[in-house]
Amino acid sequence: MVSGKRTIQLFLGLMLLGLIVYPCSSADPTGAATLEEKPDAPVNFSWTLMCGFLVMFMQAGFALVETGLTRAKNAANIVMKNLMDFCMGALSYWAVGFAFMFGTATGISGLIIGFDKFFLMGEAYDVSTMELWFFQLVFCATAATIVSGAVAERIKFSAYIIYSVVISAIIYPIYGHWVWGGGWLASSEFMTTLGGGYGALDFAGSGVVHAVGGFMALAGAYLLGSRIGKYKKDGTPVAIPGHSITLAMLGVFILWFGWFGFNAGSTLAATELHISIIAVNTALAGAAGAMMTMFLTWWRFGKPDVSMAGNGVLAGLVAVTAPCAWINPGAAVFIGVIAGVIVYMGVWFLDHRLHIDDPVGAVSVHGFNGIWGLLALGLFADGTYGVYTTQGPMVTGLLYGNAGFFLCQVINSVVVFAWAFGLGLILFWVLKHTIGIRVSREEELQGLDIGEHGTSAYPNFVTTEPAVDGDIA
Amino acid sequence: MKKVEAIIRATKFEEVKLALEKAGIESMTVIEVKGRGKQKGITQQWRGAEYVVDLLPKTKIEMVVDDARVETVVDTICSVAATGKIGDGKIFISTIDDVIRVRTRERGTTAL
Amino acid sequence: MVSGKRTIQLFLGLMLLGLIVYPCSSADPTGAATLEEKPDAPVNFSWTLMCGFLVMFMQAGFALVETGLTRAKNAANIVMKNLMDFCMGALSYWAVGFAFMFGTATGISGLIIGFDKFFLMGEAYDVSTMELWFFQLVFCATAATIVSGAVAERIKFSAYIIYSVVISAIIYPIYGHWVWGGGWLASSEFMTTLGGGYGALDFAGSGVVHAVGGFMALAGAYLLGSRIGKYKKDGTPVAIPGHSITLAMLGVFILWFGWFGFNAGSTLAATELHISIIAVNTALAGAAGAMMTMFLTWWRFGKPDVSMAGNGVLAGLVAVTAPCAWINPGAAVFIGVIAGVIVYMGVWFLDHRLHIDDPVGAVSVHGFNGIWGLLALGLFADGTYGVYTTQGPMVTGLLYGNAGFFLCQVINSVVVFAWAFGLGLILFWVLKHTIGIRVSREEELQGLDIGEHGTSAYPNFVTTEPAVDGDIA
Amino acid sequence: MVSGKRTIQLFLGLMLLGLIVYPCSSADPTGAATLEEKPDAPVNFSWTLMCGFLVMFMQAGFALVETGLTRAKNAANIVMKNLMDFCMGALSYWAVGFAFMFGTATGISGLIIGFDKFFLMGEAYDVSTMELWFFQLVFCATAATIVSGAVAERIKFSAYIIYSVVISAIIYPIYGHWVWGGGWLASSEFMTTLGGGYGALDFAGSGVVHAVGGFMALAGAYLLGSRIGKYKKDGTPVAIPGHSITLAMLGVFILWFGWFGFNAGSTLAATELHISIIAVNTALAGAAGAMMTMFLTWWRFGKPDVSMAGNGVLAGLVAVTAPCAWINPGAAVFIGVIAGVIVYMGVWFLDHRLHIDDPVGAVSVHGFNGIWGLLALGLFADGTYGVYTTQGPMVTGLLYGNAGFFLCQVINSVVVFAWAFGLGLILFWVLKHTIGIRVSREEELQGLDIGEHGTSAYPNFVTTEPAVDGDIA
Amino acid sequence: MKKVEAIIRATKFEEVKLALEKAGIESMTVIEVKGRGKQKGITQQWRGAEYVVDLLPKTKIEMVVDDARVETVVDTICSVAATGKIGDGKIFISTIDDVIRVRTRERGTTAL
Amino acid sequence: MKKVEAIIRATKFEEVKLALEKAGIESMTVIEVKGRGKQKGITQQWRGAEYVVDLLPKTKIEMVVDDARVETVVDTICSVAATGKIGDGKIFISTIDDVIRVRTRERGTTAL
C-alpha cells in the first residue's frame, strides 16, 4: 500500500517534470524532416511498427500458454501477472530501461551501458527514436513475461511486480546494450577481431530476449521451490495438469503469429527483402520443433503429447530467433528438430533430475533453446546476409569456415547465462529475504486468485482437481 | 420408499436412462461424481510424464421409488450398465422416510 | 419473423438495383489512375488497411471482455450480439451511414450531414473511397459494440439488433460528420476562429467513437434498469462476478493490440512518420492506466483487482485516443494515470451512487474517459503536429497557450454527451414502449442463452452461481 | 512408433543433404539485387508477408471454431490436429508440395504438374521465391485444416497425420498448379479461348483452398461414418452441442480477421490499390452471410441460432474469396446473402437427408460455398480488374456478357469437386483398409483426449454431457 | 436427526437460502444436479435442428437437522420454491444415525 | 452397512484420501459441493466492491462400509482433516439397506 502511494507520487512528480522539460529540445517529432531525408521511411516505419504490434500481441499468447498449463485456481493471478509485467515494463523501459540500452554510448563506459534518453525526453522526442523505442519495448516485455510461467502458482504478486520493474529497467537493458546497443559483446575490438569483422550476433533475440528470460526463470523457480505436491518424498515428479489445453494451444498459435513480427520485424526495415527468408525460417523451425516433440513423446509414451507439441513449436521458434536471417530453410528445419529434442530433454531433466518445478517449461523453451539458437547461428550462418543488413561483411558460421565467430557465440552464451541466472539469483534472493517471494501454504492450496486478488477466475463453473496417485511431500 | 443410488460409467448413462424409461422409471436426479472401487485409476500423461488418475469420473443416479419397484430398477441397471469389466459400478439402497412434492405439498408415495 | 422476411426482401431488392446502377458511373475502381497520381498510395493503402484489419479484430476483444465479465448463462447471447452488431453495422454503414458521414457536404446543410455515396454506388466505386469506407466502417462498428456490454444480461436480442442498425446508420455517422466529415464542430467558421485555425479535433475518436458509444450505453443501461439481484433493497450493490477472467483479459490484450491500428492507423498514411509517436503514446497511456487502477484497488481493498486493471488499460487507451498524435509520451503517461483514476471512480460512482448497472464498466471506460480524452487534447497538445498532417497550423492546447482550442474541446464534449445520451434515451425509450427492450424475469434468471437463442454456451460443464450474501431487490 | 522413428531418420538425412547442396546454386538470397530491380518490392513484400501472417493466424481460428463446436472430451485432440496439420503441412509443402505447385512448368507436362524447387533448394533460395512460398504455405495449410472439423470426434490421430501430409504434399498442390501454377485450367489454350483471353480464375481460393478442403472433408466424413449417437435408428439427427460457443465465436472473429489477409493479400502487391475494394467486399460478404443465416434460423426456429450465424460469416467469406477482386460491393452483399442460404440448406441437407455427420459444417461452408464462389465469379465479374493485375484483359462474367468465362468456371467447379472428393475417397479408403481411420467405440465414448493423447483438456472442471431425448443408433 | 434433501429450481435457490436463514437454518450442503420428474425436458436448438434436453439443471440442498425442525424446513422450502408450474422439485426425508463435527469430534445433535 | 458422508475442505482431500487408503478404505465416491455450517462465507472483491461468498466449495466423500469399519473411517478423517479452524467439516452416518455390484450382481457386504 505504502509503496503503491509512493510510486504514484513519484510518477506524478516525474510527469510534471517531463511536461516542462520536453519541448525545449527535440529532434524531429513531426516527422517531416525524417521523411525528406529518408524516402524509404514510410515503408520501413509501417513494417517495423506493424511487426511491433504483433510482438505486443505475443503478451496474450504468453498469458494463455501459462494460464492454460496451470490450474484454474490460479488463472486470474497468472493473466494479471502477464498484464502487469507489460504495463510496469513499459513504464520502466520508458523511464530508464531504454536509456541504459540505447542511450548514447561512447568510450569504455559505452561498452557497458548507455546513459541518456531517460523518459524519452529531449532529443528522444523524434519519430525514429520513438519507432525504435516501441519495437524495443515489446521485446523487453517479452523477456519479462517469460519468467511468469516458471514461477506460476506460488509467487507473491508484490514480489512479481518488483521483479518485472527490475528486469525491464536494468537486467534486460544492460545485457541488451552489450549485444544490440553498441556494447562489448558485439562491438568491442576483441570480439570483432575474433569474429572476423563482427562480434557476437543475435538477430532477433534468442539470447537477448529468450535466454535472459529463461535463465531468470530458472533462478526464480529454483529459489521459490516446487509447488506443493509436485514431488513425492522420493523425488518422483507428480503431474499437475493445466486447466485448459485449448487456451494453451490458442496461446501457442498467437505466439507463433506474433513471432513472425518478432523475427522478420527485427530487420527494422522492409527494404531488407530478406524478411521473406526470415518468415520462411520462422515457419519451418516451429513446424520442425513441434513435429519432433510430437514424435518423441509418441515414441516414448505411446501417445503424442499435446502440450509438449506446443512447447515444441515454441522451442523451434526460440532457437531460430537468433539465426533466422543468416541461415537457409534446410538449416531452419534442422535447428527446429534439435530444438524439439532439447525441449523434450530439458523438461525431463529439470523435472526428473534437478527437481526444479517449471510448470510451463519456460526454462527449457526459452533458456536452453535460447543458447541453442546462439550456437546454431555460430554454426549455420551461410554467408548470404550481412550484419543486420544486406551489405557485407557477410556472416558465416563454423560450418562455413568461420570458427572465430562460433567462439563469439560461445562467449555470448556463457555471458548471457551468467548474467541472467546470476542476477536472477541475486534479485530473487534479496526479495526472498525482504518482502518474501512465496505465498503461504494455505493460500497456495486454496489458489492465488483468492489469496492475491480476492477473486475467482471461473465462479460459474464447478471446479475440481484430479486426484492423482501419490504421497505428498 | 427406497432411495436407489447407482454409480455407473458415464458412457453407459444414456443407455441406462433409456432402459429405465422403458421400465417406467422416469424420475431421477443425476450427479457427476468421481470415484473408485475395485477399479484402480487410469494412467494419463502430462508433459512427458505419466501419472495415475486415482478417481475416475462416474455418473450417479438417485431415484426414490416405491419399495415394489426397487428390484426392477436394480435389474434394469445391472443388465444395461454391466460390461463385465471392473469399474461397472455399484448400487446402494436405503430407506426414505417421506417425500414431499414442492408444488403441491403432496406427501408420500403419491408425491413420487 | 415478419421483420426478418421483410428485411430479406428489401435487401434482395436493393441488391438487384445496385447491380444495375453500379457500373454506369465510377471513379477509379481499378486503382491504376490513383497509383499514377499518388506514388505513395501503396504504402499508405497497405498501412491503412492493415490497421483497419487490426481495428476489426477489436470486435473479438470486445466480445471477450464483455462475455468474460458476465455470467456463463448469457455468454452465447453476448458473443452473438457482438457478432451481429458488426454485421448489421457493416450493412447499415454501407447502405446509408457512410453517405451521411462522408457524403459530399456543401453549404450550410453540409455542416450538418453528408448526402451521397449511398450503397457505395456511383462515384464511390473507387479505390480511395473504398479504403476510407473500410477504415471508417471498423470505427463505426467499434462505437456500436461498446453499448453491448452495458446492456448485457438483460436486453432483448431483437431490440439490440434494431439499436445496432440505428447507431450505425444514423447516430454515429451524423456526429461523426460534424467532427471528421466536414461538419460544424470541426469546420464551421465559429469553431475554427475560436480554435485559432482549427475547430474541435479528435485524432482517432475518443469522442466520435468512444464517447458516442459510452453515453449511448449509459442511456441504455439506465432505461433497462439493473439486473435482478444487482442491488439490495437499500441500494447497496451486490457483486455479480463474470464467468471467465481469463477470457476477459484475453479480450483486453486483443483490444490493446487492435488499438495500435485504431490510433496509429488514423493518420490514414504511413508517410506520416508521426505514427511511431502515436504507437508509443498508445502503449504508455494503456500501461499507465492499468498501473494506476491496480494501485488504487490495491490501496483501497488490500488486493489488486484483476478486471479493474483490465479496465484501467482500456481507460488509458480511450483517453489517449483523441490526443495521441498531438502529445508527447510524458503527457500520455499522465493522461493514462488520470484515466485510471476516472475509471475507478466512475465505476464506483455509477454503482454506488447512481445505481446504474453497467456490468463491464463501458460507461466509465468509454464515456467518461472519452470526454477526458477530448479535454486532455485541449490541454496537452504540444504543437509538434498539425491538423491530421505534418503541415501547419500546429495544434496547441491550453498548457501551450491556446485557450480557444481548449474551449472548442469543451464545446465538443458537451455536444457529444448531449447527442449520444439524448438520442440514446430517445431510441431506447421508443424501443421500450414498442417492442420492449427487456427480457422477462424468468428468462433473465434462466439466462438469455436459452431464452434468446435456445442454446447453452457450455453444455459440457457443470455450472453454478456463487451464492452471495444479500437480500434480493 | 516405428513410423515415427523412420520419419525422423528420413528428415535428418534430408537435412544433411540439404545443407550440403544448398549454397552451390542460388538466385538472390540477400535481396539486394531484387531491391535494385524492383523499387516497389519493399511495400509489396511487407504487404504480402503481413497478410500471410494473418492467414497463418487463421489456424487458430479454425482450431477454435472446431473445438468450440465439438465436445469437451475431444478438445485437446482437435487443437492438436489443428496444430500438427500446420506443422506437417509446412514440412510437406517445403519438401515437395511447392515444387509440384509452382515448380517450373513447361510443355504438356507443365500443364499438369510442376517439378523443381524441392526442399526450396537451389534457385529457390531467393527472396521472391521465398515470399511466394510463405504466402502459399499458409494457403495450403488452410486447405488442410478444413477437413479437421468434419472428421472431428472420431478419426484416429495417426490417420489424420498421414492425411495432412498427403493433402499438403500432393492433392492440394497439383490442383493448385492447374489454377495458379500455370496448369491447364487457367492456361491451356482450350480454356483461355473459351474464357475470352483467360481461363478459369480464382482470386484467393474459393476453389483452390476451400472447395478442395471442403470436398476432402465430405469424403472423410462419409467414409468415417457418423459419431455414435448422432442419428436415431430412423435416421433423425440428434443434436450434439459443442462445448464452448464463446471459443467458437472467437474463432469466427479470428478467421474473419485473417481473411482480410487471405483475400486482400492475394494481390501479392500493395501496388495493386484494388486491395481496398477487396477488403470492402470481404467485410460485406461476411456480414451479409451472417445476417442471412441469422434471419433464416430466426424465421424457421423462432430464435436466431448463434453457431449458424458464425457459419454464415464463414460461408459469405468463402463465397467471396474467388470473386473478391472482380466484383463490386453490391455483388459482394448479394453473394454473401446467397452463401447464407447455401450454408443453412447445406447443413440441413447433409444432416437430415444424407445423414453425413459434419460436426462443424465444414462441407457446407467450404465445399458448397467454394463452388458458389467460383460460379459467382463467373456471373458477377464486372470488368474493373484484370487477370490478377490492373492491366487488361479485364475480367467479365455472364451478367456482363461473357458466357464463355462462366463456362470456364463451371468446368473448374466440376473438376475441383471430382478431384477433391475423388482423391479424398481414395485416400481415406486406403487408410481405412490399412491402418484404420476410426477410433474404437470405447475410445469414442470416453473421448479422444484420453484415447489418443492420454490427457484431459479441462481437468479442473466437472464435466457432463447434456442428456438428450433419443434412442441410440 | 433427519436429512432433508430438497431438489429445487436453480433460479429459486437464492430465495430459498434466504428464507431458510430467516427460519434459523443456516447449515447446508449444496450440489448442482440434473434431474427430471413429472417435468419433461425443454426444447433447445443447435445448428438448425431442435432437440430435447431431457434432464434439467436443478439445485440440491442437503440439510441435516433435528427431527423437530424438519417440518419448518419443509414448510419454508415449499412456500418459497413453489411456482405452481411443473418442475418445482421434491423433498426427500431420511434418517441420519449420527453426526460428527470434524474439528471437535463432537457427536450427535450438538454437532449440527 | 453404513454410509459415511464426510464434507471436508477441498484442500484437505488429498491427505484424507491417502490416510483412508492406509486404513484400508479404498472405495469411495467424491462430489464437489458448496456448503456452510458454522463457518460463514469469505469476503471476495469484484470490480472495486466487496462481497461475501456465502457457500464455500467443499468436497464430499461418500463411503459405504461395514458397520465395523465406521469408527475407523470417522477417526481417520477427523485426525487428518481437522485444522482446528471453523470450516473443517462434518461427517454424517446413515444406514444402507443393500448394496449391489453392477458387474456381478453380488449383494450385501461382499459387494462392497
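Think of it as A, B, C, D, E and F in the order they're written, each chain with its own count starting at 1.
Just so it is clear, contacts are C-beta pairs under 8 Å (C-beta built on N, C-alpha and C of every residue); 3 or more make two chains touch, one makes a residue touch a chain.
All of these numbers come straight from a predicted model, not from anything done at the bench.
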Neighbouring chains common to chain D and chain E, by label: B, C
Going only through chains that touch each other, what is the minimum step count from chain E to chain F? 1
Candidate from B-D, C-F or A-F with the same interface as D-E, over half of contact pairs in common: C-F
Weigh B-D against C-F on C-beta contact pairs and write down the one with more. C-F
Quick check: how many Å separate the C-alpha centres of chain D and chain F? 52
Could you please state the distance in Å, as a whole number, between where the Cα atoms of chain C are centred and where those of chain E are centred? 45
In whole angstrom, how far does the Cα centroid of chain C sit from the Cα centroid of chain D? 33
Name the residues of chain F that each touch 2 or more other chains. 17, 30-32, 34, 44-46, 50, 54-55, 94-95
Residue numbers of chain D (touch at least two other chains): 43, 46, 50, 241, 244, 301, 303, 305, 307, 453-456, 458, 461-467
Every chain pair in contact, whichever chains are involved: A-B, A-C, A-D, A-F, B-D, B-E, B-F, C-D, C-E, C-F, D-E, E-F
Within their complex, chain C touches chain D through residues 1, 4-5, 7-8, 11-12, 14-15, 18-19, 22-23, 26, 29-32, 34-35, 41-43, 45-46, 49-50, 52-53, 56-57, 59-60, 63-64, 67, 75-77, 79-80, 82-84, 86-91, 94, 119-121, 125, 127-128, 130-131, 133-134, 137, 157, 244, 247, 449, 452-462
Within the complex, which stretch of chain F touches chain E? 2, 6-8, 31, 33-38, 54-55, 58, 60, 74, 77-78, 81-86, 88-95
Show me the residue ranges of chain D that touch chain C in the complex, using the header's touch definition. 40, 43-44, 46-47, 50, 54, 71-73, 241-246, 249-250, 252-254, 256-257, 260-261, 264, 269-277, 279-280, 283-284, 286-288, 290-292, 294-296, 298-299, 301-307, 309-310, 313, 328-331, 333-334, 337, 380, 382-386, 390-391, 399-400, 458, 461-466
Residues of chain F that touch chain B when the two form their complex: 3, 17, 26-31, 64, 94-103, 105, 111
So in the complex, the part of chain E that touches chain D is made up of which residues? 34, 41, 44-55
